[in-house]
Amino acid sequence: MRRLLYAALGLALAVPAWAATRTNPAADLKAFQSYFHKKFPQVAPNDFVNGPYAMDASMRAQWNDIMQFPPFQFSIDNGKALFNAAFPDGHHYADCFANKGIGITQNYPQFDAKTGKIVTLELAINHCRAEHGQPPLDMSAGPMADIEAYMTSTSDGKIINVKIPNDPRALADYAAGEQYFYSRRGQLNFSCASCHVQGAGDHLRSDVLAPALGMTASFPIYRSTWGSTGTLVRRFIECNSQVRAVPSKPDSDAYSNLAYFLAYMNNGLPVAGPGERP
Amino acid sequence: MAGSILVRASSDGTATTVQSLIHHPMDSGFIKDASGALIPAHYIEVVQFAHAGTVVLTAFWGPAVSKDPFTKFSFQGGKSGDALTVSWVDNLGNKDSLSTTIS
Amino acid sequence: MSNTEMTAEAEIGFVLSRRMGLTGAVAATLAAFFAPGFKAAHADGAMVMADAAAYPSAAFAQKTQDAAVKAMFNMTATASDQITLDAPDIAENGAVVPVSVSTALPGVTAIAILALGNPNTIAAAYQLPAGTKSAVSSRIKLAKTTDVVALVQAGGKLYSVSKNVKVTLGGCGG
Amino acid sequence: MRRLMVMTAMLSMLGTAAYADATKTSADAALKAADARAALADKAGAQWTSTVALLKDAHKAEAAGDFATAQSKAMKADAMAKLSITEAHEQASLWQASVIH
């Protein structure tokens, strides 16, 4: 019955009135990537995952120095210990994930057909904790960022492959993320895209604005301005605050959908995380 | 402060290159926290690297060394399997040390 | 400068060249005799421990290049083109500025990194026993655009080189 | 959009206006209106941090008996909340203009 319903909805999607006018992730992806390839012809496609370092030779040299012994190494080590520690019920994080949680972050965020919602890696980690009677972790930094750093380190170099199943709810989540990305907000009246599409590669003071393409591939990141490792959600909250908009809740659908859209735009690029940024 | 030291030492047969990262806030004493109160200075003062019991580098640091300090240097000698020890003490008297082997 | 001219400050701060090697030797001896636990844990010999008493705190408290150099080394530096100071022209972040100092000068016993614009001038100082290569890499904080100075003590003399590093505030680069 | 920016700029100047004849009653009324409008902005997911900060200041001034400041800040907060809601409404369709095609 449900299947029939989905089939019917899927058919409805094929109707140009809605599907063709806007929500067409595959076409969006192509346009998005080619926009950045044209804007930065000197940057090799896979180098976009290195953000500002792909744009500026001097920054890249400093980054290479720092990456000889990356500051997020403590996070990875701590995250590995946390990841491998048993819950009081004897289960492990590994029990909650495909392939025991190793080498899988390129597939996140995922659409959950049961709830119709997007599950980011942070949410999946907290879902796992809930399943085993543990309180959720702060989604932005600390142990969450460490566990994510470890899991991502096992996926380094794997090709990002975020799937949008043929389910109207998945498309709606994607579209909501897209809308969030392009909507201006805050007193400064900036959208994510203002800085990371139109302004990408430009200098804001001494910083180079990272292009949106490749952006999520390096998360979690150790930002020297933070002095610690943080998740994508932490960066969302920071960006919102920078344009003087009250941030959404860390576990909000708004942020999950935004992460879904952004990660999907990176399909085909390699995971390059955890990363280091100024 | 157990587990504050990460160190990699590798020998090419004639010389050993050491890279280390120490987990430490290195608070300068000039930064204010969210509530506007000064965070008191808290930084590593002395770090010592020793190869098989002999000091190969002593570092004296002030609060201007970055958080989670990084050090890289190399010394003549040292072969795979030799012991390399890193130890530090900060201005509050905290200390830690780690012994590893050269790879 | 004769011994009688040595200031109390310099004595407290100590002269790096005189104490060279001593700190480690003393610490090693102490560890061997008074901390058998360490010895047992490391079959290859005594564990050398960082010694807080050796810290030249007076030198690190100085706010000018002249006073800091005097307190640390008790001598004056001459400019040298034999030192390579590797630091960025523009620091991507003042909180983490990679700085490397290396030199081909023979008989190097100490290397120091100074940031003239910082509240305290000396950022870091290193004692190099014989056998340690004359190159050290570190990461330091810079409060503002400033000259970074590398000092190298070699053969009982002090040499320096400086480089201006621009620092601008960080913001939205992620 | 440009209109929104100009209004925001004008608003910053407005902030210095003093309401010398403000009373507890008039300040309370201004605060109440601003709180209500800010709640609407919140609901629309369009709150500005600057609005929140102003409201907080206004309430603080009110508690301290500085009704002139309380009223002035409340009125500015109210206007900002209004602008933020306008921004959200505009963007509900305008965002599509900047999508990469």
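First chain written, first letter: the chains are A, B, C and D, and each begins at residue 1.
Just so we're on the same page, a contact is a pair of C-beta atoms (placed from the backbone, for glycine too) under 8 Å apart; a residue touches a chain by one contact, two chains touch by 3 or more.
Everything quoted here is computed from the prediction, not taken from an experiment.
A count of contacting C-beta pairs for A-D and for B-C identifies B-C as the more extensively joined pair. Between chain A and chain D, the centres computed from C-alpha atoms are 33 Å apart.
Taking each chain's centre as the average of its CA atoms, chain C and chain D sit 54 Å apart. Chain centres here are Cα means. That of chain B falls 14 Å from that of chain C.
Multi-chain contact residues of chain C (touching two or more other chains) are listed as 95-98, 100, 137, 139. Within chain A, contacts with two or more other chains are made by residues 66, 71, 224, 227. Residue positions of chain D in touch with at least two other chains are not found.
Working note: touching chain pairs come out as A-B, A-C, A-D, B-C. Contact residues on chain C toward chain B in their complex (touch as defined above): 21, 23-25, 27-28, 41-42, 44-52, 54-57, 60, 95-98, 100, 115, 118-120, 122-129, 131-133, 135-143.
Within the complex, the chain C residues that touch chain A are 88-93, 95-98, 100, 137, 139, 166-174.
Those residues of chain D that touch chain A in the complex are listed here as 1, 4-5, 8, 42, 45-52, 80, 84, 87-88, 91-92, 94-96, 98-101. Contact residues of chain B toward chain A in the complex are 3, 6, 8, 19-21, 23, 25, 66-68, 70, 72.
Looking at the complex, you find that chain A touches chain C at residues 51-52, 58-59, 61-63, 65-66, 71, 195, 204-210, 221, 223-225, 227, 235, 238-239, 242, 277-278.
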